[in-house]
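Next up: some structures, all given as structure tokens.
Two complexes, one shared chain (chain A), two partners (chain B, chain C).
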Partner chain A sequence: MTALVDKPPAARTAAAGDRPPRRRRGRRIALPYLLLLPALVLELLVHLVPMLVGLAMSLRRLTQFYIRNWSAAPPAGLDNYRVVLDFDSAVGCNLLHSFWITVAFTVLSVGTAWLLGTAAAVLMQRRFSGRGLLRAFFLVPYALPMYAAVITWAFMLQRETGMVNALLGLDGPDAPFWLIGGNSFWSLVVVSVWRTWPFAFLIVMAGLQNIPQDLYEAAAIDGASWWRQFRSITQPLLRPVNQVLLLVLFLWTFNDFNTPYVLFGESAPREASLISIHIYQSSFVTWNFGLGSAMSVLLLLFLLLVTVGYLAVTSRRRRAHA
Partner chain B sequence: MREPRWVGWARRLVLGFLTLFTALPLYAMATSALKPLGDVQGDWHWIPTTITFRPFADIWTTIPLGRYFLNSLVVSGAATVLSVTIAVFAAYAISRFRFPGRRIFSVTVLSTQMFPGILFLLPLFLIFVNLGNATGIALYGSRLGLILTYLTFSLPFAIWMLAGYFDSIPKELDEAAMVDGNGPIGALLRIVVPAAMPGIVAVAIYSFMTAWGEVLFASVMTDSGTRTLAVGLQEYSTEVQVYWNQVMAASLIVSVPIVAGFLLLQRFLVAGLTAGAVK
Partner chain C sequence: MGITRMASAAAALALAATTAVACGGGTSGGGPKELVYWASNQGTSLDHDRRVLQPELDKFTRRTGIKVRLEVIGWPDLLNRILAATTSGQGPDVLNIGNTWSASLQATGALLPFDDAALGKVGGRDRFLGPCLAATGAQGKPPAAIPLYGQAYGLYYNKKLFREAGIDRPPATWNELIETGRKLTRPDKGQWGLTLQAGQVTENAHHAAILGAQHGARFFDGGGRPTLASDPAANAIKQYLDLMQVHKIVNPSNAEYTDTAKSLKDLADGKAAMFMNQASAGSFQAVGMNMKDLGVAPIPMPDPFPPGGRRVNSFVAGINLAVFKNTDNLDGALEFVKFMTSTEEQVLLNKTYGSLPTVKDAYADPAFQSEEVKVFQNVLSGTAEPMPQVPQESQFETLIGTAMKSMFADVASGRSVDVTQIKAKLAQADQQLAAGS
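Moving on, here comes the complex of A and B:
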């Protein structure tokens, strides 16, 4: 790799040419930065600058009167954080509630999606007729635009005209509502699993393809049972893939806004009020951007903490195994 | 591999369940799109009593679906082209050059993937609005604003995946191209890009799908002229009633091209993900 920077073939020809070598060298050093520049500028513009602005916003009393000129909003110090973290007040209590809802939702949804994806990928390792077709079919929910899929679920979950109640044989006045009350949480989990398990399936499948087949053959000659092979070959060799997969699934699911938004609209039922929706409501429905920003910053801190902790634990374990 | 009998049964059970689970919404979408309005307003029927193609004609007039379609196409297409182009150059820099700041760049860009969209939404909304007031550049409510936003969503993943892909292409190839009188950019365009085509296709699919399905920013950053399908489809629900058959017909129309494209190109995507994620 370094050979290219140290003595690239082009530099040799340049030295023989008429251009002074120093200028040539300056350009060479600048080149990677020039190549990165567009990506860097855009990332700064759309991610880093807004993040800093968000941090500044969270320190101000930013209500709808200041939207046209947010820097005129009166400073609030840490007041927004104090309000948001006061779990005895209505705002803090609701935030804590939606945090726990999100945790429960994430654990259930990621766990189930991962289990289903792994089961399907492992059980489809062996060739059988129609395997390719089934594999393509399983990927359809992943390819489907999410709002089209979730709108369809919203239709299926209607109380009187929906497929779900018909499937369960529930109709008449006793038929349950699926999009309001406690059931809405479970609806959210099912829809989320439906959308995410194919991704887990895709990644685990890709990971399985990288396990050399002769490991299984050698194990079979040694008389290892199917289960033993799964435990001793498949599982350990999938570990690096699973580590990345679970982290990605966690972040996506924890931050999910789209599923509840399309399923329930702007105001999700209390039992299914995920944190993203909650922040959106606190900001755009009641137009209190200061509080919304404070909540966003806290959410980011939480995610950072979990991610760094997770990476530390997994990389230590990886080193211990190596 | 010798397989105990229970694995065979588990296979039938699990795959059977997953097939049914996957199929039910697709079935609901496909059949309801063919039902007259009266049929979707009463009890659920597994088999349509009357089959009609009216919903497919009506969807275009109930809401300006054509315009939303065009908006989605322009926004997703532009975001994809820009994202892939920018990612190719950035990935080349990361894969082929060793320079100070290389690791910091990779880590920073990748870590933006973990941030919740809602975190950027509020400030970006205010920045766009204030920038519009100050300079007259209308980013809020414009397609340009959405394009810029969407392209950065897929950019980190695209750079990461393409850098992995470029690493697998022997350096000797582009060095040879440089001996033949090409500069580094010439080597990139003549040698590396053609060799990495499967990865580039995979990244393009991913970018397009990300932009085509995005809801949060589309719902805040668009107005009636620039609305995308993701938001527009909700307009079939009025105060009075929901045109479920039209919703399903429109969902079908919106899904078929992207699902077909995905299934045609899924091999590239799986290969690309393998190269990127499994490393």
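Moving on, here comes the complex of A and C:
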């Protein structure tokens, strides 16, 4: 300490500029990793470990006889996968049916939610009185507790006592069913869109805030129509936001378990049997956890493939536009 | 359910188990002076059950010093909750199970086997009714549970509607049921001959079993292998569907009925004249039924019987009380089982719920000398047979019940369902059961 005090100011500056900055640099490099560490550990615990456990389960004959100690279940090799992928058998055929239902549901639901969200966000860009109130109103479905919201829909869609048929003036013996039969698919799409479009609205609205207003002003001076401005300014500049938004909506919708489960209970109508419900039934209702795990692994692979493919295509397109 | 949870359905079960324990308690947190009890929904609501059971649990605490933490669980969730608790080993100490699940849950090894020593601690085998004790697990094994509430199916009918239509007695044969139903069906007045819980999986399965027996169906062979896709089984299900499809004595909206309360209310309000259900007088009262207008008779039999048909108009229904094998408080749990199956509690609880006592002594009480109780007693002792006591029983109920729910949806939507289609659905159920063997 005495030696430091005795050094001339120039020497002290030189010493400070020598060692401490290296330490600071080291700390700067380590800090992000340290901050990420808790998230990494939780990620491993919450996501990766269950995934690996699921994979291990899919390779075993795991029925109710072994659920107390699943590691004691006899090995099945790839038998579970063979059963699941045998589309001539009841198990494989039903899985394939659910897969296609889910694809149709996802395309319709995500497409409609995105269109509605974008349209509403663009229209809300203009200032008018009551805009704030309307924005808040649009976000209500997103803010409502999922269970309460969907169960309300389930009540409204009842054939005899539901509000939907009453509003449509449909009663008597010809009144349609909404929760069973073919209409159940459309009910599911409507409820799903109702739940997800406010999220699309929110994200697109945030994306629109980042588009400089002077671009529109310049385009207006050049005589560009509203549609031309949308196509040439709004859409291209929203592309990065839309790429993420569509991916997130796709993953959420494809995996949606809550909406069909609350709307239909644990045995959804065949016409609305989404793959998440189907896997749940295969695992928990028929107590065949090995088979259910095999289905889950295949679903995970499919989603991984779609996600990687989507990201590859969109990033290539982004590079091409850059 | 997120992607990774679906990636590991069984791992999700473990997670669900953790959640269930966090919510429902569990033995690990409780001391020997505390028990966790999962009760199934018997009354008109979960709250109704809590109001009925809590005073009795308090009585047990006063007598033994053991506190009982009660959780009432609805039927749609109960099996999953039990399964989750089985997986985690962190379940309640004592729990109610549907007696038809006994052999399935016994196969998990999670439930305490009631061998002679354990049976002795709850009063001995001889106290219980034979048919009820027969539905407590696979044959030749110690019971996996003790009978708590006895149940049998009967045909409830609204006497007022019968009187108004000039009908003086309930139907005794299946043809009479259809005939009576037709006379009482007035869609223009919103009145139907019969109400069904056509959207409820377990109820559909129960009726498939009852009518299946009348047609001579056996759903499992001697080796326990599933044989659902038989002609008698398909004919039995067709007969049940035809109540809505061909005879049109059931409101198509019943295809959406997923709980008993709606059918109970329809009968009480005069919207339906008949209802095939388990003993449930207490629940009828709770939904406002004028009890003077409530009649009950055995479920009609076919006349003549199909070849090979058996004289069955109910299965041995009911609720059992099981003990989790890994309870920290085995003596307390057995003490609780003894208390709940004591004559005093059997009289009180079964009187309240309108179900039947499972111990012989309780029948001396005047409450169980009524005509209605006699009907159910006779059915239970004479023309009821247990559901298949095989490990796959719960899956069987789910698969056949779900198939019937979907067929009722088709019928309600105007599509016809024939025997060939029914048999194809049953063959699918066979394959699914076989895949899980």
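Annotations
Please note the rule applied: the second predicted complex is superposed on the first by the 285 of 322 C-alpha atoms of A that agree within 3 Å, B and C clash if a C-alpha of one lies under 4 Å from a C-alpha of the other, contacts with A are read in each partner's own complex, and residues count from 1 in each chain.
Just so we're on the same page, contacts are C-beta pairs under 8 Å (C-beta built on N, C-alpha and C of every residue); 3 or more make two chains touch, one makes a residue touch a chain.
These numbers come from a predicted model, not from an experiment.
Shared-chain residue A:270: touches chain C; no touch with chain B.
Chain A has more of its residues touched by B than by the other of chain B and chain C.
In the superposition on chain A, A:189 makes contact with neither chain B nor chain C.
Using the contact criterion defined above for the overlaid structures, shared-chain residue A:113 touches neither chain B nor chain C, since it reaches no partner. In the superposition on chain A, A:36 makes contact with chain B only, while chain C stays out of contact range. In the superposition on chain A, A:126 contacts chain B only, with no contact to chain C. When both complexes are overlaid on chain A, the residue A:296 reaches chain B and chain C alike. In the superposition on chain A, A:258 contacts both chain B and chain C. Once chain A of one complex is fitted onto chain A of the other, the partner contacts of A:286 are limited to chain C, with no touch recorded for chain B.
In the superposed pair of complexes, A:166 makes contact with chain B only, with no contact to chain C. Residue overlap on chain A between its contacts with chain B in one complex and with chain C in the other: 46-47, 50-51, 53-54, 57, 67-68, 70, 160, 251, 255, 257-258, 265, 276, 279-280, 283-284, 289, 292-293, 296-297, 299-300, 303. Of all residues in chain C, only 1-15, 76, 80, 83, 86-87, 89, 104, 107-110, 187, 199, 201, 252-253, 255-256, 258, 391, 394-395, 398-399, 401-402, 405-406, 408-410, 412-413, 415, 427-429, 431-433, 435-437 touch chain A in the complex they form. Chain contact summary for the complex, chain B toward chain A: residues 1-4, 7, 10-11, 14-15, 18-19, 21-22, 24-26, 28-29, 32, 40-44, 46, 86-87, 89-90, 92-94, 96-99, 101-102, 105, 108-109, 112-124, 126-127, 129-130, 133, 148-149, 151-152, 155-156, 159, 171, 175, 178-179, 183-184, 209, 212-216, 219-220, 229-230, 233-234, 244, 247-248, 251-252, 254-255, 258-259, 262-263, 266, 269-270, 273-274, 277-278. Contact residues on chain A toward chain C in their complex (touch as defined above): 46-47, 50-51, 53-55, 57, 62-65, 67-68, 70, 83, 89-91, 94, 158-160, 173, 177, 179-182, 251, 255, 257-258, 265-267, 269-270, 276, 279-293, 295-297, 299-300, 303. Chain A meets chain B in the complex at residues 1-5, 8-10, 29, 31-33, 35-36, 38-40, 42-43, 45-51, 53-54, 57, 67-70, 116, 119-120, 123-124, 126, 134, 136-149, 151-153, 155-156, 160-163, 165-167, 171, 194, 197-198, 202-203, 205-207, 209-210, 216, 220, 225-227, 229, 240-241, 244-245, 251, 254-255, 257-258, 261-262, 265, 275-276, 279-280, 283-284, 289, 292-293, 296-297, 299-300, 303-304, 307.
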